[in-house]
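Next up: the structures, one after another.
In the two assemblies presented below, subunit A is common to both, partnered first by subunit B and then by subunit C.
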Partner chain A sequence: MAHFDPNARPFSHQWLNDRLAIDTLKRVLSTEYWIPKNINFLWAMGMVLAATFGVLLISGIFLLMYYIPDTKQAFDSVNHTIMGEVGYGWLWRHMHGVAASVVFLIIYIHMFTGIYYGSYKRGRELIWLSGMLLFVSFSAEAFSGYMLPWGQMSYWAGMVITNLFSLGSLDLQGLVEWIRGDYVPGQAFLGRFFMLHVVLMPLIIMALIVLHFGTLRIPHVNNKDGEEIDFEAEAEKWKAGKRKEAKVIPFNPVFLSKDTFVLGIYFIFYFYLVFYHFEFAMDPVNFDPANPLKTPPHIYPEWYFLWSYEILRPFPKNPGLVAFGFAQVIFFLLPFLDRSPNVAPANRRGVFKFWFWFLLVDMIVLTVMGKVPPMGIYTTIGTVAAWTFIILWILLPFITKAEKPVRGHK
Partner chain B sequence: MKELKVLAVVVFFTLVTYWGVEPYAHSVMHKNVEEAKFENFQYKDLKAPAKGDPAKGKALVAACVSCHGIKSQGMKAPMDPVAAAQAYGVVPPDLSNAGAVLDEKFIANFIVSPTHAGLVKKSAMPGGMADAQGAADIAAYLKSIAPKEIKPKEAFEFACGRCHAVRYDKWTQIGQTPKTKADIKTGVDLAKMDFEKKVGQYQLKLAGYLGKLPPDLSIIVRARSEEYLKKFVENPQHILHGTAMPRVGVSKEGYEKIYKYLEEVGDPSKPKREAVGPWVIGYFVLFSFLAYLWYKSQWKGLK
Partner chain C sequence: MSDRRDFFGKVLGAYAGLGALGALYAAKRTWDPLPSVKAAGFTTLDLSNLEENKLYVEKWRGKPILIIKVPKDAKPDGAPNGNNENAYDDKRLITVGGHKFMIVVGLCTHLGCIPDYFPEKKKFICPCHGGQFNAAGEVLKAPPPSPLVIPPFKIDGTKVVLGEAGPEYKKLKEAGLVA
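Here is the complex of A and B:
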């Protein structure tokens, strides 16, 4: 039976503690959530992502007050009402657009950090998988958001991407029309993507963030050496006042102070982009209103989808789709394709070191080739890079199977 | 410091990716724009006219006012825009500001041959209205009556406003959208409907004349680069081969005015961005500095 002190003043510390166990909560979630000391600023990227999601949510709520999901009014509600008539509407829009782009930069940094340090293995598989679910949900969120201004790129990217669901030679036009709610993107299409963008996907993302944090609690985050830390023992050292010897620090306030500093630097960069360099996040083509009669000369997705788009492009229709499907799911399988027990930085893992840097460079090459028009030398480079991507993943189990144990690991 | 090295690696790959998808990819995609010649509105292909005499020009301009108004000289347009469009497909612009916006050499050439100067196959403005000397005189006259200073919007109205609407500034091809009042009891606004009908009639004729309705230019400054716009206006054929948009023949100063107008309408937040930006960034610099002090105090004696 719980004990409620009848003399506790309402909302006093004890009163709350009796009802909510706030002391325990605080301990479990922050002051005794242990973080290895041996980590660098890359481990602050998770918090940077959480903060950026917060920025997206708040700026999105402001935009939602004036946005009109109607094919005839959407374009002007964004480009005229919000950008010109509502006080500081332009600021919310630029913040939203830039954050949507930058969040992917940080996600990629966060993912490659995980790959580099092997943070998807030895108890951390679910962290990785929930992270990948976040990646997919963010992609859906970004794509659906891109439809909303109903500009030329919204319309034509919407056309091209929904066309993929005809699944090549299967020619499932019925499925495509079912998704669009019409033969071509129109009012039904806009209404659906509006709903996805402002309700369903944000809900899913919030749930997934909670799951992602939950998966972190037991395995704890990894560290720069992939060292297996006995968190209980180390925590005891810290509590005994051995700040120097303990290999761990409490999240609050010690790690949080560093997170906060990194966040500050990040926001300087972010707001520099918002005020002085936002064009990269807002494609000029989308400032032409949607025109079903006029195909733009170049149709390309936002930069963060380019690498997978380029895996689709150089191949004939059906193999292209298969390759595209491969690219979409393969990162999910990373914890299972990496057959080495080593949890260590890639640079200490023999051949895997090259695998890591090849993959990174290859994805950048794919990204650039995904944007330039497919002609001449670009097609060749794109095809080679797409094959390289596929081959790298096929090789991964063999490379890692043959990997020697890294010093200090069994 | 090890962490700075890690940061340098992250920054390096980020910048390479940025360079690839932005400056590099755009230079490949817009090669035609980058390679298009730009001569700063010199119109080097046109012959320089003989020296014109404004007094003679003033007499010759009588031939023009059967179609054009010159309000500043007390000459009203002979027809309203809709009627003019019925006759010519487009309204002949009022010439009061012609000398302030257009290049003098261009005007002289245009009067002799609108298609040759405008680089289009057909023009509603008849050619051969004067010989070369007469055209030079008229150009000199139009220059002489031009006001010293005109507003950016006036420059736009004269040079582009007969073909392009700017709905974010309530500009239509037949003029500014008037303020009208709906009937309170029924919500019916006949004056508005009348105006909309006129715009519609005009646009149908305009599209018939040009083969398509010219696009609204409200936010063209966000949709096209600065370089694209100036090269396109100087010579539309260099960028969209075979386009029906004529070379308008604006002078350098005229173009600057027009661009200023388009920028004010299409990117109205620019002055506010410049005012607010430093404060927000300054705030986060201070924030980071304080956070740094906190971080250093928390991590003292840890290693």
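Here is the complex of A and C:
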């Protein structure tokens, strides 16, 4: 039976503890959540992402006050009202646009850190899967947000992406028209993507962030050597005052203080972009209002979708869609396609080392090729890079199956 | 006791499931195109004063409609897929007032971009992924998998009503030539 101390002053520590168990919460969620010592700055990317999401949320709230989700007024509400009239409206917009772009850079770093150190195996499969769900949700959030200024690129990207749902030769025009609520993107389309962007997707993302943190709690984060740490035993050492001997530190305040330092550096970079180089996140084509009767000369997505777009592009319609679908889901399967029990950095894992670097370089090549016009040598390079991507993933189970146990690991 | 609880569990499940189905159907219907959107679906084109080999763009159901009065010599300047026949002889052209016209929905059948017409080359090139079509909307170069789509039309003198399927459209459709 719960005990409520009648003498505790309202909102005092004791009073709150009786009602909310704040000491237990704090212990479980922060002061006795253990992080290995053997990590580097790449382990701070999670908090960098959380902070960037916070920036997106706050800047988004301010933009929401003046944005009008109407095909006739949306463009001006962004480019005239918010950019020209609202005090510091330009700041919120540039912060929102730059953060939306930078968040994908950090997501990719976060993902490739996980791939490099094998942080998706041995109890960490759900961390990877929930992270991939977050990636997909962030993609949907970015795409729906990109529709809102209702410029030329918004409109035509909306046209191209919704057309994908006709699923090639299945020709499901009815499904495409249902998604748009019209024959072409129009008011119904803008209204529903506005809803998705400001309500449904943020709710889903927040729920997934909680799940992602939850999946970390039992397996704990990986470390630079993939060492299997007995977190209970190491935590006892720390609590007994043997802080030098212990292989772990508490999340709060020790790990967080270093995290905060990385955040400080990151925000210098971020605000440098916001104030001096925001234009990279502001496509000039989107400063023309949407025109259903004029396709821009060259339609391309934002940089973070270019690699998967380039996998779609070199193939004929149906195989292209299959390749695109493959690229969208294949990362989910990583924990199951990697057949090696080794949890170790890629550079100690034989052939996997080459697989990792080939994949990274190939995705950069795909990104660059997605940006240039589809002609001549670019088409050839793009086709080769798209095939390389597919072949790398097909090879992965075989490479990892043949992998020798890394020394010092069971 | 446990049987009773199981039974009520199933009843509750069925009851909630029914509600969920109803809500899903309502949600699906909410996203359907509105009746007003569907009703505003007819466009009349007057084809009496068009110049040959020049692209005209009209709008039908929010989509661009491309119209060319096809000249007698409409052989495309190069066809990467080998289909370099004279577009004037194409069965997909629509004869109105003694002249042959290409009337198609101007959205590339690959991913819906609007192809640009190059009159001197007598062909369309899509700016998005490099697809090409001749002056009758037939594919000259992938990725578009099929010709540009012919919208439902009805010929009325020198005018054409889009959105209504006339006998000429039905004939084309039966021959499998509209898309």
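Brief remarks follow.
Just so we're on the same page, the second predicted complex is superposed on the first by the 410 of 410 C-alpha atoms of A that agree within 3 Å, B and C clash if a C-alpha of one lies under 4 Å from a C-alpha of the other, contacts with A are read in each partner's own complex, and residues count from 1 in each chain.
The definition used in the following text is that a residue touches a chain if its C-beta (ideal position, glycine included) is under 8 Å from a C-beta of that chain, and two chains touch if they have at least 3 such contacts.
Owing to the predicted nature of the structure, the values given are computational and were not obtained by experimental measurement.
Legend: residue contacts after superposition of the two complexes on their common chain; A:G350 is shown touching neither subunit B nor subunit C. With both structures placed on the common chain, the touch criterion links A:K317 to subunit C but leaves subunit B unconnected.
When the shared chain is aligned, no partner comes close enough to touch A:G325: not subunit B, not subunit C.
Contacts of A:F287 after superposition on the shared chain: subunit B is touched, whereas subunit C is not.
In the superposed model, B is the one of subunit B and subunit C that contacts more residues of subunit A. In the superposed pair of complexes, A:P397 makes contact with neither subunit B nor subunit C.
Contact with neither subunit B nor subunit C is seen for A:G191 once the two complexes are overlaid on the shared chain.
In the superposition on chain A, A:P296 makes contact with subunit C only, while subunit B stays out of contact range. Contact with subunit B, but none with subunit C, is seen for A:L263 once the two complexes are overlaid on the shared chain. Overlap of the subunit B and subunit C interfaces on subunit A comprises residues 297-298.
Chain contact summary for the complex, subunit A toward subunit C: residues 156, 159-160, 163-164, 168-169, 177-184, 186, 188, 192, 292-299, 313, 315-318, 320, 374-375, 379.
Those residues of subunit A that touch subunit B in the shared complex are 37, 40-42, 76, 79-80, 83-84, 88, 90-91, 105, 109, 243-244, 249, 253-254, 257-258, 260-261, 263-265, 267-268, 271-272, 274-276, 280, 282, 284-285, 287-288, 297-298, 303, 306, 360, 364, 367-368, 371-373, 378. Taken together, the subunit B residues at the contact with subunit A in this complex read 2-3, 6-7, 10, 13-14, 16-18, 20-22, 24-25, 28-29, 167-168, 215, 218-220, 222-225, 268-269, 272-274, 276-277, 280-281, 284-285, 287-289, 291-292, 294-295, 297-299, 301-303. Touching subunit A in their complex are the following residues of subunit C: 28, 31-34, 37, 57, 59, 61-64, 107, 109-114, 116, 127-130, 142-145.
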